[in-house]
């Protein structure tokens, strides 16, 4: 049943403020900034997705098959003969009751018995999906080791972004920063009008002068406010959710219009479970941002992401999302597992994290602090 | 009965109002044969075309706003209908912080103006309209689906959907089977409520008229307009009390056999054409005045292809050179070709100097805006047909960021649903699309 | 019970029998009348809510209104009912009447028929007499009551249902011209042959529509019937009672909605690519913001009318705040509707006063840009009551309209290039300088300091007073005598439904008091309501008077 999401009754919010959560969080941000910080700009994130840089020919022999064809392959993996598969495919095409969907939603085998493939991806035959061979990917050198991958923006080498390699041949995870990958365009489009927004604060002595800079990321209570044309609305006001799990502080340098944050941090933002990962979490994260002339910012955040959480985000969505949007979900499980490059399990040695990079755009916003009511009388920016 | 008619005569004489005599004759002559209304307008009809999965940006919304807009490539098939059609672009379904159920929420808002709370959901706009214009026809409304399913978006308040008929031959049997009665041969019994309303109007005529005695000359001229407007209401009632004009265009279409269910777009297109022909005849024969067509876009696929329209929207990359999804745009174009063919079927049934489409309006809506990303904004909406002169057509209205319910409100109002606003929360609106209202 | 209607409830109702209703009958000696005003949509709605309660769904829609001499109120004396409009009145009347007799609302009817399937003249008469008095804003004549009782009887006979019959009779009354038009009955002035005055019930509705935007309440009708409204003292007592009521806010709002032309918002469009913040909600909130600003200043705080042009105090929603680029917190949960929050701009802020609000700057701008000319023209015409001639035919506007021309980056430069044409220059000289002061607000009312990267020069002058920005423009309008004389003219025109020019003696007298009292709107309303001119009537068309039969109750 659909119910209204009532996260924070007014009284609770007020109490929260008085109890010092919001104040504490905000103060933390400010206190951590240079003591003489005078200029602060605040934003709300209006677009967030994996930073993709798909190119022609980066998947040897073409990208992975569409889901219907993939299912026929999976049937073969389950042991069906070509003539059985052909018969099932014919039924499917004729619009008759074909068993394919049913077989696919139970294609895991646990103790020889059919089981849910999304819950038990390791018990599905690895469909051996293709991965990208491209050596161009956005991101950062996270491990300090040399490597072949180059960031197309910074031209830095030794970039760690195995996530882009893993999913680079899945249709709906392909795209560029401008032509947004379908999975994220879909998920963001579904969520932006209801999921609490993420807000960004940038503080420096002066944002028109090179020097030290601090950025904070937080989750708001409100969802992103949109314009009449659906674009993110600038200059709206957001309250910060005092939940410390979504509070992040990064220190870095400002040079010209570019902000770089090279000191690795743990980075975490709660998000709506419809979107994978179910919460955005990175270790050893680095960040770069650009101040744009129109007052907005964009940038890349990269780090090591626990891949099982990303997988669960897809796995809990199950067959509908697999069929309509993502493609073979257990196949993605195997890709992530294969390309995971950090945080080995002490027992098995299997890496539990994968290097990745995400892209964000944010528009100017007001962020309500403890003195919100007072700032309602403050002169505003132009 | 006689007594009443006599009194009417006396009242009329006294008030000096002339009302068309056929009305009285209708009561005095029980055979009814010679009494057909001569200037009765054929009634308006309303249809919906629900085609999921939106449109492609840059290929659907005309650049020019207002009259004389250019038809974009995805809409090419509808070019012949440009001047009978309106495009309303840029509207939005509002979430008000509620979680989104992809494909469901859009239909809910598009058809009922709101996201339902619990099971107590509202009526769809077509059933509100059917309650006004469809109460005297054999079928209050007819629902069909092109993909062979029983799904429809037509529902009465708090109840389940009115199921769609997916088979043209079954619909044929339902409308033109043994139950069908030739409307031109049917008996006629005037509605006692209409008779009562007519009697009341006659009864109060003098009381109203005496207002004229109390006015100065300029006010009297203005009140004259009121009284001529009132006379039109009386005449409408008079017409309703007469045996309806013969439906000259009513013919029983030729029967046909069972067709393939509409799983692929070729079969769905064939079925749509047959449905169109049946609906046109059903409207011409006065069997219904409201119809709903569910394209059922999601599952439709091209013959021989394993991938359906819906999965294309998500999985197909944007063609770097063309800048759009090639397969998806071809499905949307197919949808519009199929829609155009249905319109041609409605135009094909001539009624005097016009045709069935002229007195109909079809509302074309979708669950999402942009096909690839399933947006809740940039919604494509069309209206086709002049609704017997109640709509202006040939206009592109850009209503960016406005609730899509503006169009649904406009449709209901022009169909006579007594409604000054429609929808709930941010989807509520009292602002009709004035640009297209005649 | 929620359905309780404001006017149909209470002891007064149940005490009223058919006999009593008839006894309270009839404006005596009504001979003729003048200037029938068609009810506005708001007046219609308010009357229905007052009489039958807020749970009655109106349905239907209203015909467009007509603006004459700057006011829809003056237009109401010019409009009639078209056949499309009549169809809607008929639909609404039947929808309302059906609800009144339905199970949920039937308590509005104080009696029950002896038999649900047969007519009951006594019960019908009781109900129709009471309702008729409220809908017609005067007691029904005997003949009128008999008609509606008879109509119900006829309809009951045909449908075999008492409630159906009653509903149809009520529906007929609701689409009668006597309900839909505000007829003004006049009577000869006693002791002054050849002179006429408003009959007391006409006075009552003149008062209630002006002060409350509603029909007369029971107390006002009773006062009319007692003859109180024909005495200075009795009239003053009623006016003071009405001015003290919270319902006066509806009257003030209705006037400003009309005077500021907010009906034009219904057809206002903005190019979403250029003004993405101008949403449907923003358009609705913008009107409410201006009305809230006005009501708060003029009614709640009994402020100086002229301060509406300078006040820094207003109310904002979150949607509007993002247009003005100021922070505004919504304390509710995620997805909660926007809230109205009192807001005050700082003293030196160019924002402040209703001229700088979205409801003015966006309303008087074309879809794709701002327009100093349209704003200046609106300022002259709406707020100073000055007539600006229409532009000459065959003038080319391409320079003004091309906001991307690299030669003319700001509106000031574009207008300067355009107004080299001497035919245009004369008018532009009197309207542009005021409009240019509002150039800090783009075509959708959003605050800005530059246009195409060039700082905006907002200096200008009004009738010899120089200013440098919108705040000083507000001050110049505040100090300009035309702004207060214009309000007097507009408000008295609105009240009477006929144009009252600033030069007329009545307007002059009102202005004198208005100014002496510190420009308080409630005082001006009271002054108007107590004026002889407010109730004055045009001498009747003698031919009509002669032709008219005396409208005596047929007792």
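Residue numbering begins at 1 within each chain, and the chains themselves are lettered A, B and C in the order written.
As a working rule, a contact is a pair of C-beta atoms (placed from the backbone, for glycine too) under 8 Å apart; a residue touches a chain by one contact, two chains touch by 3 or more.
Please read all numbers here as calculations on a predicted model, not as lab measurements.
When chain centres are defined as mean Cα coordinates, C lies farthest from subunit A.
Relative to the whole-protein C-alpha centroid, the nearest chain centroid is that of B. Averaging Cα coordinates per chain places subunit B and subunit C 35 Å apart.
Mean C-alpha position of subunit A lies 44 Å from that of subunit B. Centre-to-centre, using mean CA coordinates, subunit A is 53 Å away from subunit C. Among all residues of subunit A, those that touch two or more other chains are 4-5, 194, 223, 227-229.
The set of subunit C residues that touch two or more partner chains comprises 272-273, 276, 278-280, 333-335.
Residues of subunit B in contact with at least two other chains: 90, 95, 97-98, 400-402.
Every residue of subunit C that touches subunit B in the complex is listed here, in rising order: 30, 32-36, 57-61, 78-83, 85-87, 90-92, 94-95, 143-144, 147-148, 150-151, 154-155, 158-160, 164-165, 168-169, 171-173, 175-178, 180-181, 183, 185, 266-267, 269, 271-273, 276, 278-281, 333-337, 538, 540-541, 543-544, 547-549, 551.
Those residues of subunit B that touch subunit C in the shared complex are 4, 90, 95-98, 192-193, 195-197, 199-201, 203-204, 206-208, 210-211, 213-217, 219-220, 222-226, 228-230, 232-233, 398-403, 413, 416-420, 425-426, 429, 431-432, 434.
Of all residues in subunit B, those touching subunit A in their complex are 90, 92, 94-95, 97-102, 115-118, 148, 261, 263-264, 303-304, 306-307, 310-311, 314-318, 320, 369-370, 372-378, 400-402. Those residues of subunit A that touch subunit C in the complex are listed here as 4-10, 13-14, 194, 196, 221-223, 225, 227-229, 231, 233-237, 239, 366-368, 372-373, 375-382.
Within the complex, the subunit A residues that touch subunit B are 1-2, 4-5, 54, 56, 66-69, 72, 89, 92-95, 171-172, 174-175, 179-180, 182-183, 185-186, 188-191, 193-194, 223, 226-230, 323-325, 327.
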